[in-house]
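Both of the next two complexes hold chain A, though its partner changes from chain B to chain C.
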Partner chain A sequence: MRFAPPITLLLFLAPILCGLCAVILPSFGYFPALGLRTFSLAPMRELFEIPFLVSSALFTIKCGFSATLISCVIVFSVFCSFAYGRVIGSLRLMLAPLLSVPHAAVALGIGFLFAPSGWFIRLLSPQITGFSEPPLWLTNPDPYGLLYVLALVIKEVPFLFLIALASQNANNSDKALITAQGLGYPRREAFLHVVLPELYRRMRLPIYAVLAFSMSNLEVALTLAPGRPPLFSRLLLDIYNDPDLSLQTVAASAALLQVLLVLLAIVIWRIGELIVFNLWRQSLARSKYQDKKILLSLRGKDCRHSKYSLKYSFGDILAGATSIGLCILGSLAIVLLPIWSFAKVWRFPAALPQKWSFELWSSSAMRIIEPWNTSLAIALAASACALMLCVLCLEQETRSKHRIARKYSDKALLAIYLPLVIPQISFLLGIQILLFSFSVPIAMPIIIWAHMLFVLPYIFLSLGDNWRGLDQRYQLTAQTLGSNRNRTMLLVTLPMLLKPLLTAFALGIAVSIALYAPTVLIGAGRFPTITSEAVALAAGGDRRLLGAFALLQATTPFLFFALALLIPRIVWRKRAFMAGV
Partner chain B sequence: MSHSSIPSLLRNLLRNYALAVLVAVLLLASSFGATIAHADHGAFHKTEDKARGQTVWFAAWAGSEKINEYLRWVAQEVDKRYGVNLKHFKLESTSDAVRRVLAEKSAGKHTKGGIDLIWINGENFRAMKEQKLLFGPFANRLPNAKYVDYKNKPATSTDFTIPTDGYESPWGTAQLVFIYDKARVAKPPKNLKQLLAYAKKNEGRFTYPAPPDFIGTTFLKQALYDLVEDSEVLARPVGDDFHKITEPLWSFLEQLHSVMWQKGKNFPKNWPKQNQLLNDGEVYFSLTFNPGDVASSIAQGTLPESARGYVFKKGTIGNAHFVAIPYNANAKEGAQVVANFLLSPEAQARKADLEVWGDPSVLAVNKLPKAARAFFKEIEGKAKVGALSAKELGKSLPEPHPSWSESLKKEWQKRYGG
Partner chain C sequence: MAKNSQHFKGLELQGISLAIGEHYLVQNLNLQVDCGEITVFMGASGSGKSSLLAYICGALEKPLQASGQVFLNGENITQLPIHMRRIGLLFQEDLLFPHMSVGENLAFALRTAKYSRARIKAEVIQALQQAGLPDFAERDPHSLSGGQKARVSVMRCLLAQPRALLLDEPFSRLDLPLRRSFRQFVFKKILEKRVPTILVTHDPADARASGGKTISMERLILSKFTSR
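Presenting the complex of A and B:
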């Protein structure tokens, strides 16, 4: 078990760094297969001659920042307004299903909602709008990348929300908040000053991951972003796809530039953080509530009826309404696209198909089931392996808690977030070349491993805080009663963490099912999954089959999340306290 | 083992022997029959023998369900007939496969490559041929190659002006076809000038797929055909006078884009996507390379009943598509057996069937043996709404040199973005 953290690191860090190196060499002109064996700056020069390069980079940063900032503001406002109330619980129920839906499915659905021939206009036509044919509006794709940002926000808000919820639960910040409120701080002030700094610190890495993903993903960029200026990932893909093989070195330079671009964005974000937190600290020092409110509470006023407690302000309602709005949009997006799989004829301006048919499901059953099997096999294997590694790492961390190793391993494990922060295509490209040079046959285990690169960090993110938040005294008690450490882990720690473990596992399944680039690049196209099929179909345009895959994409992970909620309830039905841990 | 299982063991043995004898007899009979049929191609039997049991990864664009479905049928048939396990390696773009072979070469993987057969033509073929990434020549030693109509379909031996030299085997022919919605467009524009006039009158209802998509690039070449004084220049590689020759094209596009769908700021990614826009009513036109696409798409509900195909008065660009074998393919024999099957009258006729794919055959149908011609007779009977006859298709224009595709694409992307 002592070797769990180093092994995990080796499994993850090595291929990523090697992959990056394999991209760096060609980007400086070294590409033996093309007869290029000398280093030069020519590919870089050629890259900067590409028209729209600068505007594309700026546009990418702009979209990435907008999506991340908006998602953060929404999540933190919701927590600020409703921390620990029933509202958070019901929001969680609404947002969690969205987390499980792949980006590609949401993006395609959003595209169908907002297009000039899309569902919203169909719903209002021709009675209200008077349109008998689609209007000439510049929606989908819109020139400002608004839909792109919207689709990302719909997906990232649930992600950040659940991460925030997990770290809050682990942190006992509800007690801190109650204490602060007890001292007379109104709820919002208490949240901003007492809870948020710690909460943000814990969410920093996930936020960077969101920023990186917003700047480098392919699936949303290909479906919703405008063509001019193109998002950087799209530009990169175009160069990479060019049949002119000499452009491969330029593609490698572009991949390198994408890495730098994301790092630059993270640095800018970090500087922004520091500035905001400095201002914050100053405002805390000047807080007008400092003395007055303490008096208020001391006077024994019932907080329930005071202006600062449970009564919701306009801002609170706005925050709640925005997130509910996102839920509704997201749900519409994922519900309407699958309807296509039951449509025979569905033309503008009909809001529902004119002719329904099960033809697709009966005639293409095998066509649909095969990729679904592959998806499930990869997802189950990758999540199970990743969960096991995470458990071993965390247990090792707990055991070495009071030693120096603890700090060391904590820092080192940060590295497993690398696959989330470094743009996917950039290092996958390199890994692909490396796999070939070592003649690794392309088989299922390789793809599972490639998926683990992305699944493990999410599982770690989701499980880590719960694990660390578990009261150590349970284990201590068990050990005092004579149980050894392994027995304690199996009989005390793991059962107590049943719910977080299952949730992390379901999250792993959802991540794996949504993965596109690793499936196609590392899997060499030999293992079609429902997501790779859906993206391929999105390019080809048969919406009915696309609808079928979208339905599977949305429901499969959802099933696992439902199980993750249900199983602890059944197992712990006589021990309500356990289920709540 | 209990004694009761001994009789069952015997029975099993007997059954196996009977099966073996039966298989041997069948093999003998079939090989005898085949020897008579292809007496001059006895050498190919060795290939077929070696191919048995091989797995062939066929890298082919997977954007159209009709084509994927056809490939599934091919896989069943080659398994049944030759014991070849054909797998469709699904691609979004053919250049993915080219790059994969290149990556393998860069890693020193000169045998046992991941791709055995590629669906290819034009600049991808040129790139692979120039980089020596292809196995061959093999096309002319395929027994079914003798049925190919090289004479009347010159595109089957000259791919975008590049001689195929037997490094790729023809699979189908194609011609650029414009699709319009009869219910919205009374008289479809039949040359560039009419097209521009129509687009100005009906703003936002015309578009074309963005290059580097092959249909989008073909639209540029088609427009260039209408705009250059002497089309001979297109048959030669691009020279220094590229900007002078293409100037009229860019000024035409400037005008056209301003009145196009999304004001020419966005383009559909490919033709199936544009068909979807036509089906949604956002645009009135679409483009395809497959003259049978209109009819089969109407039948499948992906185009409205009122969609019709047509070509420009002066003709539209036609070409052929092929299959090629990478130099490092793992199953070269299996790949050749599949390539040969793809050329068989039965497979070609099925491919031309509008209910299946509707892709025109490369064979000289009137020169086929009588039995083989029956396959084509059968599909001719199925007249379909929206089907284009050979007469309606008219004359096809030859593809320009591949360097034109590359230069036009590059210049287009420079001007109008990714």
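Presenting the complex of A and C:
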């Protein structure tokens, strides 16, 4: 038990750091497994000879920044407009389910909605557009990466929104807001100057994670991004998949460049942050609300002025409408593509299939069930292991009387966010190079462990707050009643935390089901999951089969979240207090 | 008069000091609490009352630092882990485990003693009768009134057969009439079982009712208070 935190950190940091090293060495020509034992700059030189390299890098930065910036603006304006009211609550209900849907499912769905033969054109055809055949437009993938950014925004807004909501609760910022309003600041000024700085500070790491993911993910890039110039991650994968083994060193240098690109982007973002916050502080100093007289007069008169009244302004409504629009778009994307799997005949301008059938599900059952089994096996094993490690770490934290984790909480959090901030594709490639170099056979446990690297942070973040929030006097009371620490954990702590434990487990399942890069890079295609199969079908494969995988992708995580809600209700049906926890 | 700690039956504190950094909350406290005797600590919040109880039962958390020895029936228990000290602890809140029935809560305190099932069941029923709550074994603790919960909590504590009791303002949550009757209930049990008890409180009425000595926390810093 005492060694749980260091072991977890080791299991966690070691592969990432080793993976990065294993990328750095080959990118300078050192790759013993291929017989290359001298350092050189040749791989770098070769990399820069690849056409589109610079334009691809610039395009990647552009897309990453747009997706992150748009998501941030939407989330912060929603919080600014509706801070801590009922609207936020209902938005939460709408956005939270989107969080559990894999990126790939949303991206594939968006692809279908906006394709030339897609659902939006079908909806308008033939009455409005006059098309009786799909037009020959290039909307999927579109040359500007608009759909790529849209799909990312649909997925990242719920993520950032829920993180903001959680840190708001941890922060008592609603009270700060009310106090500031009581001093005469209008709601918006109060939010911008009192709440936002602290909120942003707590969201910085998640935002960097979003930025890194937007610049380095594979699943959305392979489904929605254009081929020329390609996104950097796609370029990297192409080099890596090249049958010419000598290009492996070039792939490694591309992976290194990918890390540098993301770091550069984070540095630019950070500089931008500093500039904006400085301007902000100055504007506060110049603000007319600094003047006490105006402050007092505001309370009397201007509060009735429309700008300061409780009525929502145009901006508020726009912020709300945008997020609701994203919800609708996301829901359409998830719902419509799976319809294909039940369609027998669905010709072009029809908005819904002309004939329905279950034919695909019976005829392709094996092709669907096998990847589904693999997905479930990996997800269950990875989440179970990760959950166990998290429980041991948290219990150890409870036992050691001076909260190690709290003392180092910022550093620990950084370590936990590491696999989310460093581009997955880069260190996974490094791990792959290591496995290849030591001729480790690719087997299920290795893939499960690779998934665990990404599952564990989410489980820890989700469970940690609930665990630390439990009144420790329950455990103390149990111990004074003669129960030792292990018995106390089994009979008091774990049962009382049943619901958070199951929710964290379901979150782990959702994360694992959604993962693409670890399955493909470490598994080398030998263990196809529903996500890897779906992405493989994206480029013009069978839309019916694609629909089936999209359906499973979207529903499997839901199933586990539903169980996580249902099981505590059944187990604690006679315990009123537990039902409320 | 002070007795030799080897032969003293009851709870004895020797030279206990409590501090946060340089700031002392308690300095060199020496105290003997006889079996069935209730010693009352009074003081403002933040004066270290609860920390003192935490030290005695083995649950003191950093950054608080403490030194001194705790003896129970002549045995030095200062280094024992919490669950082996057999010191009962009652808080303001009842802290009944919300995921167990009332009966299971009581049985939890008996299970470590390796009794037979039949004996555990019999003791639970007997304890509920003594608390004036017969037929409550299957009930959800959440459905009980505040006074009922408080009584179950005391019975649970006593079923573990504590060798000493620490009460951390256990009455202050209850409203006045209930408080008096509950206090009588607890004090009667303490006399019956002859448990040495330390009570921490704000309420002078608690101190008067206890019939034991009353110590003011403020005096523990400057003077070398001692019961010897």
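As a convention for this text, the second predicted complex is superposed on the first by the 434 of 581 C-alpha atoms of A that agree within 3 Å, B and C clash if a C-alpha of one lies under 4 Å from a C-alpha of the other, contacts with A are read in each partner's own complex, and residues count from 1 in each chain.
Here is the rule we go by: a residue touches a chain if its C-beta (ideal position, glycine included) is under 8 Å from a C-beta of that chain, and two chains touch if they have at least 3 such contacts.
All figures in this text were calculated on a predicted structure; none of them were measured in a lab.
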Chain B versus chain C as contact partner of A:478, first or second or both or neither: second
Contacts for A:492 in the overlay, against chain B (first) and chain C (second): which applies, first, second, both or neither? second
Touch test for A:86: chain B only (first), chain C only (second), both, or neither? neither
Answer with first, second, both or neither: which of chain B and chain C does A:115 touch in the superposed model? first
Is A:241 touching the first partner chain B, the second partner chain C, both, or neither of them? first
Is A:575 touching anything from chain B or chain C once the two structures are fitted on A? First, second, both or neither. second
As the complex stands, chain A meets chain B at residues 31-34, 51-52, 56, 115-117, 133-134, 136, 138, 141, 143, 222, 226-230, 234-235, 238, 240-245, 248, 344-345, 347-348, 355, 367, 432-433, 436-437, 439, 442, 524-526, 528, 532-533, 535-537, 539-545
For the complex, which residues does chain B have touching chain A? 57, 59, 62-65, 68, 72, 87, 89-96, 98-100, 102-109, 114, 123-124, 127, 131, 184, 203-204, 210, 212, 261-263, 265-267, 269-270, 272-273, 275-277, 279-282, 301-302, 304, 406, 413-418
Using the touch definition from the top, list the residues of chain C that touch chain A in their complex. 57, 59-63, 81-89, 91, 93, 95, 97-99, 101, 108-109, 111-113, 140-143, 156-157, 160, 162
Interface with chain C, chain A side, in the complex: residues 401-402, 471, 473-474, 476-485, 487-488, 491-492, 495-496, 498, 572, 574-578, 581
